[in-house]
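Every chain is named by a letter (A, B, C and D) in the order it is written, and numbering of its residues begins at 1.
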Amino acid sequence: MNASPFTNPSTGAHVRSVRSDLPGDLMEVSMGPHHPSTHGVFRMIVTLDGETIVRLKPVFGYLHRNHEKLAENTSYLGSMPYTDRLDYLNSMTNNWAYARAVEQLAGIAVPERAEYVRVILAELTRLLNHTCLAGFLMQDCGCSGTPLMYAFREREKILDLFESLSGSRMMCNYQRFGGCRVDPSADWLARARQLVEEYGPFLDEFEALLTGNEILLARTQGVGRLSAALAINAGVTGPMLRATGVNHDLRKVDGYGVYPRFQFRIPLGEHGDVYDRYMIRILEMRESLAILRQAFAGLPAGPIMNPAAKLRGFRPKVGEAYGRIEGPKGEIGFHLVSDGGPNPWRYHVRAPSFINLTILEDLCLGHTVADAVIILGSIDIVLGEVDR
Amino acid sequence: METLTQLRDRIAALFPAADVVLATNPSPSAQHALRLDATHARAIATFLRDDPALQLDQCTNVTGIDWPEKEVVDVTRTTVPDPAGGAPRVVEEKTRRIEPGRLEVVYHLYSIALSHGPVVLRLVTGNRTDAVTLPSLTPVWRSAEFQEREVYDLFGIVFEGHPDLRRILMWDGFKDHPMRRDYREPDDYEWEPTPHGDVLAKAKQHYPAPAPSAPSTP
Amino acid sequence: MSDPTPTNPGITETERDELRRHGILLTGLEELYNWGRSHSVWPLNFGLACCAIEMIAASMAKFDIARFGSEVFRPSPRQADLLIVSGTVTKKMAPQVVRLWNQMPEPKYCIAMGACAISGGPFKQGYNVLKGIDRFIPVDIYIPGCPPRPEALLHGLVQLQEKIRNQAIAGPDAPRHLQAEGDCNCPIPECGAHDIEPAQNGALWPKPPELVRPTKS
Amino acid sequence: MIAAALTPDSFLERLPVLARDTVTGLLPESWCWLAGSLLEIIAILAGFGLLFAYLTLAERKILGRIQNRPGPNRTGWFGLLQPFADGVKALTKEDVVPAGADRVLHFLAPVVLVAVSLLGFAVLPFGRHLVAVELDTAVLYFFAAGTATELAVFMAGWASHNKYSLLAAMRALAQLISYELPLLLSVVPVVLVAGTLSTTKIVAAQGGWSLGFVPHWHVFTPWGAAGFGLFMVAALAESNRSPFDLPEAESELIAGHLTEYSGFKYALFFMAEYFGMCALSGMAVTLFLGGWGAPSALLEWIPSYAWFTAKLLVLLLGFIWIRATLPRLRLDQLMKFAWKFLVPLTLLNLANAAGWSLTAGWTGPLQLVRWAVALSLVAVPFVVLGRTLSAGSAPRTYRFA
């Protein structure tokens, strides 16, 4: 590439020349922060041999909006709306993870009805997230929007439910320490039940459109293989870990909330490639539907908030807690350190997408640019959570 | 799983030179921690990962915590018998001391193989200015790679043995460590008409107090 | 007192409307130009944060921005007309946003979508958060909300179309790119040791005067 | 009277020719040829220009319908003025040339692309009397002209001084080399059977009906159907349409070779893509679908150019439909598909066509044998090669814990 136009940038063009320390005819391409397939403002500096990736360095921080610093300057309750904006597709599970961490820190009990409602909302969120992910992944594969449109059609239905419950489509700010903010009405529950009944046929339609597609199989199978050992060591969690065959789901392992009362299965992959990650999510959605049906059936009456829980002027005792739940993207955890004051002394988010990105380079090496895009898509990142 | 005290004793037996302290957590979560010294931290971490009874194969979470220098008041209560023969008096003696500032890294370990956890590890730096080097646990758990970079970026803790210790969230030319408690953010904050709490405090810092002769606006 | 800007002596607005009702279209260059560019506003396929999801939702089946001819989300700034700043602009990202703006060819428009893009929003107190993208690039439409609903974005788009339609292409109110000494490029800030430098584009965002705090007397 | 007006050579049929002759008749004899050619050029430019405008709208509308949404409907009645708004916008948009770009090539690339993709229309018989240039080697000319389009894409990619564009240019060249071969080879059987390279003669060879309602179109023979399918797949790749739109691959290379093009230059690229699509579809109609011929003798009274247009639109709809449905291939898979699947199939199809024309005289039960052999020569390689190509990838079953 010595005669390429990039070796002699005599003008002020923004194209950087081929780096001198790269051997042979390598080209360095900066994908992002503005790129259609980096799911926001993520950036990868990719070194290419032809179209094969020989080095890939992710660059973070383009959406680093100081979530933790802000949380340390505001009250415990004041951070709840900020958690909505971490992984802005799944505000309900973020809320729950944070509420759970605070409940562990201060030892607050949660009424049974609230635990059921949390499960219902978390599983709806999982449906929402996995549906959107499947749509975005197909978009990355080069579909002209059709699967994404179908996915968002379903997303809107779930968002309508969230909106009628919490008042906001995306930023629900619904969970509280020791319960939930409002009690879902019987009408709401009936609508949610109907949505769950209609979701199965939608999944069938979606799968009929995509799962057996020859091009999709060729594009995703064998691409971005991840071994179980590396996945565990690199802290990979969620569907991505289960796609490698590791049976690890916090809903079973920790058995938090009322999850031990429900019958559901954990789908496991064996190749750990993009197709497995896609299929594990599709199968998980079907299991979520099963959980939702059981949760609707078993929802008890009772208070939605623990009356002893204090929200305003809440000052937990000195100590710390790490609370985690199984979010749609993996283990989402909050590490809180209290010094006895009204604000947390330290507030840290264990963001699943951020840590799942650790092995991005390992997955992409030897693949082409086109593969890197779908590998990134299959990891399922949301930049609000990666950069916080 | 064995209790943390048993684990501490086992580590102390295996690494006699190591200084392992059990840091208790008074909150209801009761997630107690082991405070390791920097020199043996990586060896102990490797042991924790490979020991067949523990198999802490997943390092889930890595956090930094900043503890700036602070004044603590120790209250010692002594019971002084009343010379007059009455009930003994309790005398409170207050001593002030300066607790030196330090930076702390917290690792949360879990075992996927055996489904137990968390075991919390803590590493503490000497101070907040020059002795901020700690051993990196990235060679033991790959998951610490980005998280230690983040701690380095935001707190300024230097991890020795980290394969690629660069800033991760802030840009490369940035000089400060913004998650430290004494970080002063840039002055680009304009006054808002409805100040409350912190906003008001900042406005007071940024804009001069009205001169005595200036007519006050309603 | 005569009107300093004489109206077109040929035909009045009411006469034109009357003719239009009878099926006769009278149009001038200005109207054609504004009609064309207002009905073909192609946004840049550029998402920053939470609002980007709502921007995507606006282009999806339920809301369908395509009805207004704007579903052509171009990934390259060279073909885009509209920069929707959809989300928090961090200081690390600000130079890239300004660069994207500069890379877009004129006529171009900017929508600041959401509280963060307008002023920093809930993250305003963050050390790495830009307090409003209008410190660096000229914004045509502000859409409040956190995040704004897709309907709000559509409303913003319709407002933008109206703004374009009513723009005179000559005179002092002419769009930026049609003015003789108009400079369409904004200086790109750089990431410095403690902050981005400069902290604002002085031509667009004059540093507010030193305010005197009102006191309770 | 009515019957006379509706014969194959009716007034309606000859209307375009008559219009041309009326105009040229006003001019001196020596100017006739020049004026006639000019008129044809104008007609093609205007016709396909308008078709381009409404194809973009149709694509947006049809994509919208497939995706459960209305599509553009606010500009004019039912959004019918949308393409013109886009046109006005594109014409008046600032033209940006990157600082490091090769200015001459950057300008030339879209111009060359449009010019070259227009050349193909010259030899397409749009109707019984409607062909701009009567060439004996029309098919050869068509593909020679078409090859140059990828060269223009390469020019654009190189001149843009952008890494994404360069990658797109490399992809475009690889695609050109891979797909030119199956495209040409899928045409050779037609030439072989028809015995001519002239497009008008190929259309004429497909005239007539069996049993009065089965037209003698090539697509109704085993080799013709296979050839048509292969040709359309290769045509998708040649016109850089999904799922072979690798040079433009939006999700990977921003906009590929178009990344640095703005305003009208970008519109020219867009136009060229649609022209290429139209030209290749027109060629497919000519070669396999009987050109301007009516599908039944009873429908012959409808002018031939209407039939051509109808068939063309059906094929274009296919292009749009495929775009709305399929994901994109990867570059190596694209080439594997071309070399390991399309090329062998086209070669076998050539042999098949040769056998078909050798056994033209067989009648009676032999006719059945002829059909059986030809069909198996199409189906068996298709299944075998397809199985080999997709070996190792199949839907999986999963275990649960």
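Keep this in mind: contacts are C-beta pairs under 8 Å (C-beta built on N, C-alpha and C of every residue); 3 or more make two chains touch, one makes a residue touch a chain.
What you are looking at is a predicted structure, and each value in this text was computed from that prediction instead of being measured.
*Asks:* As a test of understanding: of all chains, whose mean C-alpha position lies farthest from that of chain C?
*Replies:* B
*Asks:* Can you identify the chain nearest the overall CA centroid, using each chain's own CA centroid?
*Replies:* If one averages C-alpha positions chain by chain, the most central is A.
*Asks:* Report the inter-chain centroid distance for chain B and chain D in whole angstrom, where each centroid is the mean of the CA atoms.
*Replies:* Result: the chain centres lie 67 Å from each other.
*Asks:* Mind checking the centre-to-centre distance between chain C and chain D? Centres are C-alpha means, answer in whole Å.
*Replies:* Taking the mean C-alpha position of each chain, the two centres sit 40 Å apart.
*Asks:* Centre to centre, by mean C-alpha position, how many angstrom separate chain A and chain B?
*Replies:* A distance of 27 Å separates the two centres.
*Asks:* Averaging over Cα atoms per chain, report the distance between chain B and chain C in Å.
*Replies:* So the centroids are 45 Å from each other.
*Asks:* Identify all positions of chain A at which a residue touches two or more other chains, and write them in rising order.
*Replies:* Each of 35-36, 61, 64, 66, 69, 73, 149, 153, 387 in chain A touches at least two other chains.
*Asks:* Multi-chain contacts only, two chains or more: what residues does chain C have there?
*Replies:* Answer for chain C, listing residues that touch two or more other chains: 60-62, 75, 92, 125, 127-128.
*Asks:* Tell me, which residues of chain D touch at least two other chains?
*Replies:* Counting only residues that touch two or more other chains, chain D contributes 67-69, 250, 254.
*Asks:* Using the definition of touching given at the top, classify the network of chains in this structure as line, ring, star, complete or other.
*Replies:* Looks like something else, not a line, ring, star or complete graph.
*Asks:* By the touch definition up top, name every chain pair that qualifies.
*Replies:* Chain-chain contacts present: A-B, A-C, A-D, B-C, C-D.
*Asks:* Applying the document's contact rule, which stretches of chain D touch chain A when the two form their complex?
*Replies:* These residues of chain D touch chain A: 63, 66-69, 98-102, 158, 161-164, 166-167, 170-171, 242-243, 245, 249-254, 323-333, 390, 392-396, 398-401.
*Asks:* Could you list, by residue number, the parts of chain C that touch chain B in their complex?
*Replies:* 92, 125, 127-128, 131, 191-195, 199-200, 208, 210-215, 217
*Asks:* Considering only the defined contacts, which chain B positions touch chain A in the complex?
*Replies:* Those residues of chain B that touch chain A are 25-29, 31, 57-61, 63, 65-66, 106, 108, 112, 115, 118, 120, 141-147, 154, 167-171, 178-179, 198.
*Asks:* Per the contact definition, I'd like the list of chain D residues that touch chain C in the complex.
*Replies:* Touching chain C from chain D are residues 60, 64, 67-75, 79, 81-82, 84-96, 250, 254-255, 258-263, 266.
*Asks:* Enumerate the contact residues on chain C facing chain A in the complex.
*Replies:* It comes out as residues 45-50, 52-54, 56-57, 60-62, 75, 77, 87-88, 90, 92-93, 96, 99-100, 116, 122-123, 125-129, 146-147, 149.
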